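Each of the next two complexes has subunit A plus one other chain: subunit B in the first, subunit C in the second.
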Partner chain A sequence: MSDWGMQKAALGERLAAGRQHARGKVVPIPSLGAFLTAVIRSGDRVCLEGDNQKQADILASALANLDPQDVHDLHMVQSGVVLPSHLDIFEKGIARRLDFSYSGPQAARIAKMLFGRKIELGAVHTYLELFARYFIDLTPNVALIAAVSADKDGNLYTGPNTEDTPTVVEATSYKNGLVVAQVTEIVDKVPRVDIPGDLVHFVVEAGRPFYVEPLFTRDPAAITETQILTAMLAIKGIYAPYGVRRLNHGIGFNTAAIELLLPTYGEKLGLKGKVCTHFALNPHPTMIPAIESGWVEQIHCFGSEVGMEDYVAARSDVFFTGPDGSLRSNRAFCQTAGLYACDMFIGSTLQIDLEGHSSTVTTSRIAGFGGAPNMGSDPRGRRHPSEPWLKAGAEAAPDADAALRRGRKLVVQIGETFGDRNAPLFVERLDALELARALKLDLAPVMVYSDDVTHIVTEEGIANLLMCRSKDEREQAIRGVAGYTEIGRARDAKLVEQLRQRGVIRRPEDLGIDPLDADRRLLAARSIKDLMLASGGLYRPPSRFRNW
Partner chain B sequence: MEKLSFRLTAPRSAGGSRAQAIVGVVASGNLEVLLERNLPADVCTIDIATAAHGFGMVWDAVVRDFVARRSAGGLRISINDGGARPDTVALRLAQGVRKIEEPER
Partner chain C sequence: MSDWGMQKAALGERLAAGRQHARGKVVPIPSLGAFLTAVIRSGDRVCLEGDNQKQADILASALANLDPQDVHDLHMVQSGVVLPSHLDIFEKGIARRLDFSYSGPQAARIAKMLFGRKIELGAVHTYLELFARYFIDLTPNVALIAAVSADKDGNLYTGPNTEDTPTVVEATSYKNGLVVAQVTEIVDKVPRVDIPGDLVHFVVEAGRPFYVEPLFTRDPAAITETQILTAMLAIKGIYAPYGVRRLNHGIGFNTAAIELLLPTYGEKLGLKGKVCTHFALNPHPTMIPAIESGWVEQIHCFGSEVGMEDYVAARSDVFFTGPDGSLRSNRAFCQTAGLYACDMFIGSTLQIDLEGHSSTVTTSRIAGFGGAPNMGSDPRGRRHPSEPWLKAGAEAAPDADAALRRGRKLVVQIGETFGDRNAPLFVERLDALELARALKLDLAPVMVYSDDVTHIVTEEGIANLLMCRSKDEREQAIRGVAGYTEIGRARDAKLVEQLRQRGVIRRPEDLGIDPLDADRRLLAARSIKDLMLASGGLYRPPSRFRNW
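Up next, the complex of A and B:
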């Protein structure tokens, strides 16, 4: 049986090759290129840690600077394709195949490279889906990760931005893969052990922190009155009647507006303690007023948010923190929490078609999915009841036997009928279909499928798709909140009015919402500075958000 | 500058007794709406001066919905538009009829 143990032997060879360039576990920065060339084999599956927030940026640059003669045909398996260097690796021919989840700022370039056949695409995943595949058929041979500090034994402190690291290390290290970490500094004793040192083979002292994108900061100054009206509709027409206590908010100004209306409008409606008590959510700065006024019991985070570190540490009754006092985030656990333990996902999108499919893909940009399709889907494996879940299930199938009827997760798409540069939110045909055809993909990149979405909210009203009984009703319910887009203007006015009589469509006037309340004075904070003041100075906004 | 005018039959007359109200501001992507109560109770006129050309069909749809859904009878409405999106126009019109029915403060 001498063939067993081949992977351990291969790891041993990599370790021996790496030690030539290291002192103990520590690789000096000048040797980084030679070190990576020694430990990475052409054809390896490599996880270069990076998601929508934290980035192993030093290791990314070093990898992109390798000679493709030495290292080539890598298969990159990583959450985020975010830094220019992530794509330079493909441009130079160091990597060939890609399985990923999110590509926000590189959306246009990644599309161009896919069209130019510079990248062989495996699939675009949700975070949780890609993490799952790390343990089944996409296990990395090498993981290049990022942490705040390490001791000489390789114990890692990841700080508030732990995010993907434990998942990546678990999959790689326990399956005979090699783990290399970049850290800001090497210390005698780490503040807390986020990753045990025996799973970490080498560390690189970068001398500066890894890059983090402040992705979840929304400046209240940019929230419009239409967004405020739309947020009022969501709170009064969905949060209140379903009693949504456990939820996830997507990224964007619509949900930021909701967060800032909780202490004002929500309070006026008497909803405190009845909605929005438990979140799977990053530490959004726009949550500060709601947290400070006692709305929120608990928040588990995917990652951190730049500038929120001290605030979170000072609010350990709400957030998960370690013995060192700082936030412990974990993307895999938080995505699982968002999938199974939340009753609602609400988020913005770019395009919604007449069936209710929605997508953030346009023909020239592939932004990926991140976590939205995971949170924005109905988990068929869920078995625990809750009031909103049961109520939504009953609306979808009123005649079914209650004891055998599945509940439904509330999956809400929210937005103004016209978005950025007057692009209509509602379309006949998703751009995603065109992209799938052009790239010969088996699947169009759809963010939220029609059979998962339960409500669409625009400034014109709420369409409750759970209560639609036919394809035609569904289409008219969508047209009925599509405002003055072409889709909206082509509605069957009589059928839309019937849907409104049945409560399938509800307008601001049906909910007793006064348009005069749609005023920026209703926001609990109207600027980044207000947020900072509301936090008692604990929130330290990044300089790009400081205009005073 | 494009000018559009509508004269519509209003199913419901405006509430309250205020003679006039003004909402919004003239700014890019925004609009100012002046409402004056000086017409027969079943008539609403809307005069629009807009910076954006070629959106007559959309204006037509927005003002017709507004008069059908809200209480706008008796109002002469003048709009000074800085290229606002239809959702902003609809919101300002709704705010205008609410404001004119509020007691003077």
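Up next, the complex of A and C:
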């Protein structure tokens, strides 16, 4: 064979073409369009950095402004479809195919475009799964990434929002792909090297920071007493008996309530040091009271959170920080930690069916699940025991040979029986199934499959699905905590009562919890301002969360 | 709280103590013992870099030579327990507790020391699982790592054996831990920056390369005709019908035979481009003929392989390489790729029981499984479909609602019915169970659990466990390919014949394979020299594999 080295040659051509629009590695902003046209080839796989938090927004806009006559049929492989420009790229015919993980604010438009055949869908992945494919069959030809600063050699400083950057760069640059970074500014020396300049081919000085969404900020003022009740149930009925020390919390007010109850209700139950000591978690502001009162030993983060930068830097005993003092986040490692090193995932969803499958997809919205399916699944490759894991495994298979019985990850769905706009949490059939049929998908977009869910918590109680011995028991256990929803009202009252006698269903009173005690005064902070005060002024909430 | 910043202060103290034995970041070899005594505290969690390939051997020896009066009760958290010094550290009382993944050559001694209570065992993990815990509850206080070269600022060049280094450094250095690297030499400028100097506190110039084991080199001359037959069965009976393009091969002669049959037998079957296009795999020398004949699009590597450096550098169209031209390996990403981006794992084992559980552990050897349990498990967090995955899922649950039916990873165990020293592959009960009982382990050291295995291949045929509908069918399917072992002879001949009629068991003749065709002439290379010639002289086998 004589034609080896084709990729290096192609990279060389791109570099030469790019250099015509650059000074050294630096591409001036006015040349950005011409530069991208010169280095991107039609049909390329392109990774535009963007997840549920940080966005390479300047590069996204520039890509969306290219002429589709010059650049077309791109295959976008990226964590998040979040900015309008991410979909403009498809609308304009610059890109054709999409493999992604998360699409929060664009969920409705992405669904519309899929129905309109403006996008050819590869698959909706978990973050870690998409990262995995970057190294096998979805390796980018070009990566457009974001950092805080660069030096003239291309060494990058990402600041606290390192997130996906090392993964994207490693997959692209080491496979003869081209890496272009937008940075706020070019400096003489970066505060720390998050990405070695060897791997970064061009840098664009944007003159302003990349966009970051404060997605993990929940205002304690908006937490309801029903949410507080579900949080009390979770703490007393799950965290305590299993002794869950290593865990991940999903996004939402229910888990925010749990975080704010640790130093009050959790303390009263004597759980400090016994639960919630190690997290795979972003720096949630609602974690501040628990951290300040010494509950938490260590937190590894997927990304950062707007306003938490100084607080995290001052709490390097808990968080991972760099030699510059600021947070080092890393989505790939944190997702791996959530998968393999945590004993529990607890989060919310939009719909749960009678088998226990859950999804946040509706017929008109494809949200993508980000990391939930990864963390909300039982990792069968796990080989280290822990008490919560063994206990859950024993509940699922009490009669099995203990030495050959694996443990189980605790996967908990928590929510109110009626959610936003009074939509019932429990449904006969997930909307995701309708969507799969309409779009002819091979798989319905299920967030957590029924065989992975272990517990469902609502204000009516806890259903322990590990202890269900038949499909029928499972259905009645779910109906038994579904409250006044149609699903709940159609329960077999006698069977539900039997399940309760067996401890499969536990009501607040079974746990010695009086729903009247579920009072907002139990929250360790009742407002964003309280969180700021608890942080000693280190937490600086974004202005939209300030009302004082 | 007033006592924040304790970890940074402790790191500061270690740095100050270390600097007394260093010039800048450089520790002279004669001071190494005094230096380690100064920076390591009794009770520390220490990661001594070493996996199944590369070893920080100089640092391991130095650690083993410390005085246990000065340094004791260390908690070693490391991928591999491979060098004698790794166990000397325990023998001498310097370390007490161990969490690890792999212990190839030390398997017998580690078992003896566990029985003798010289080691307090945490758990035997998969690599990825141990990496995950580095970020949650097994974060090292000190990491002792290995690289090829360093500059005076501590920037490290790992060469092709990057392997675990970025993961270990990230977990340690960003959590206020201390990182010490042994390097062959200190240079003015490293060929590429694998680890930024920011994260490396001290460097030791060893004057010779770190130790690397050529673990993935299989001499084609040692491949038997029985192994060739199993390889033919796997290719025609599994690779072809499922169309497996993305996969991982375990270590061993059976999979080496498959690799060497692709350009001959595979070509004849018309499978080029249809199977084996993308791998998570080390640079196996036995892959050379398949790569040279254009079978393989891309390979991402856990580590490197001795002698393959120049070949890999010249085949950057296939392998991941750096700006310096040499391989970039990364165990964490490759394990993630094996877990989430591959449709098949195929490997060998020592024992398979009647349910299909398998293990390489015997009563006197604790081998550790490295990556096999991770890659040999069904990743339930996977959300992207592929044809092999969907087909396997449909075989397992033909009557399920297709939209809610997940696919299945193909997990194949391949071997001869009688292995080394005529030990039967099939057993009533795994030795791992005896060992677990004797050592009072919570879990028996099972490599692949029965519910994850999909196929077993022996010279007698293929058992497709996906198509078994009961425990009894499963047992007979296993007996039905167990040949003349006791397990095989005790089969229910009628049931086995029924399984064969249903295609659950397929014999060579059912696949149109004549065992007499399983001839060594089918191998695309029949010796190490052939491999070298096939590589155009780029592959330079280690001397122990050269017999010409």
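We adopt the following convention: the second predicted complex is superposed on the first by the 547 of 548 C-alpha atoms of A that agree within 3 Å, B and C clash if a C-alpha of one lies under 4 Å from a C-alpha of the other, contacts with A are read in each partner's own complex, and residues count from 1 in each chain.
Here, a residue touches a chain if its C-beta (ideal position, glycine included) is under 8 Å from a C-beta of that chain, and two chains touch if they have at least 3 such contacts.
Everything numeric in this text was worked out from a predicted model, so none of it was measured.
A.B. asks: Is A:54 touching the first partner subunit B, the second partner subunit C, both, or neither of them?
C.D. replies: neither
A.B. asks: Quick check on the superposed pair: does A:418 touch subunit B, subunit C, both, or neither? Answer first, second, both or neither.
C.D. replies: first
A.B. asks: So which one touches more of the residues on subunit A, subunit B or subunit C?
C.D. replies: Counting residues of subunit A touched by each partner, the higher count goes to C.
A.B. asks: For A:383, is the partner it touches subunit B (first), subunit C (second), both, or none of the two (neither)?
C.D. replies: second
A.B. asks: By the touch definition at the top of the document, which applies to A:321: first (subunit B), second (subunit C), both, or neither?
C.D. replies: second
A.B. asks: For A:455 in the superposed arrangement: first (subunit B), second (subunit C), both or neither?
C.D. replies: neither
A.B. asks: Given the touch rule stated above, what does A:298 touch, subunit B (first), subunit C (second), both, or neither?
C.D. replies: second
A.B. asks: So, does A:6 touch the first partner subunit B, the second partner subunit C, both, or neither?
C.D. replies: The second partner, subunit C, only.
A.B. asks: Give one of first, second, both or neither to describe whether A:509 is in contact with subunit B, with subunit C, with both, or with none.
C.D. replies: In the superposition, A:509 touches subunit B alone.
A.B. asks: Given the touch rule stated above, what does A:229 touch, subunit B (first), subunit C (second), both, or neither?
C.D. replies: After superposing on A, A:229 lies in contact with subunit B but is clear of subunit C.
A.B. asks: Considering each complex separately, which residues of subunit A are in contact with subunit B in the first and with subunit C in the second?
C.D. replies: Residues common to the subunit A contacts of subunit C and of subunit B do not exist here, since the sets are disjoint.
A.B. asks: Give every residue of subunit A touching subunit B within the complex, in rising order.
C.D. replies: 224-226, 229, 416-418, 422, 458-460, 483-484, 489, 507-509, 514-516, 518
A.B. asks: Provide the residue numbers of subunit C that touch subunit A in the complex, in ascending order.
C.D. replies: 1, 4-8, 99, 122-126, 128-129, 131-133, 135-137, 139, 155, 167, 170-171, 173-176, 192-194, 196-199, 245-246, 278-280, 292, 294, 298, 300, 314-317, 320-323, 328, 330, 332-334, 336-337, 339-342, 357, 369, 373-385, 390, 402-404, 406-407, 433, 436-437, 441-446, 449, 451-452
A.B. asks: Which positions of subunit B touch subunit A when the two form their complex?
C.D. replies: 58, 61-62, 69, 85-88, 90-91, 94-95, 98-99, 102
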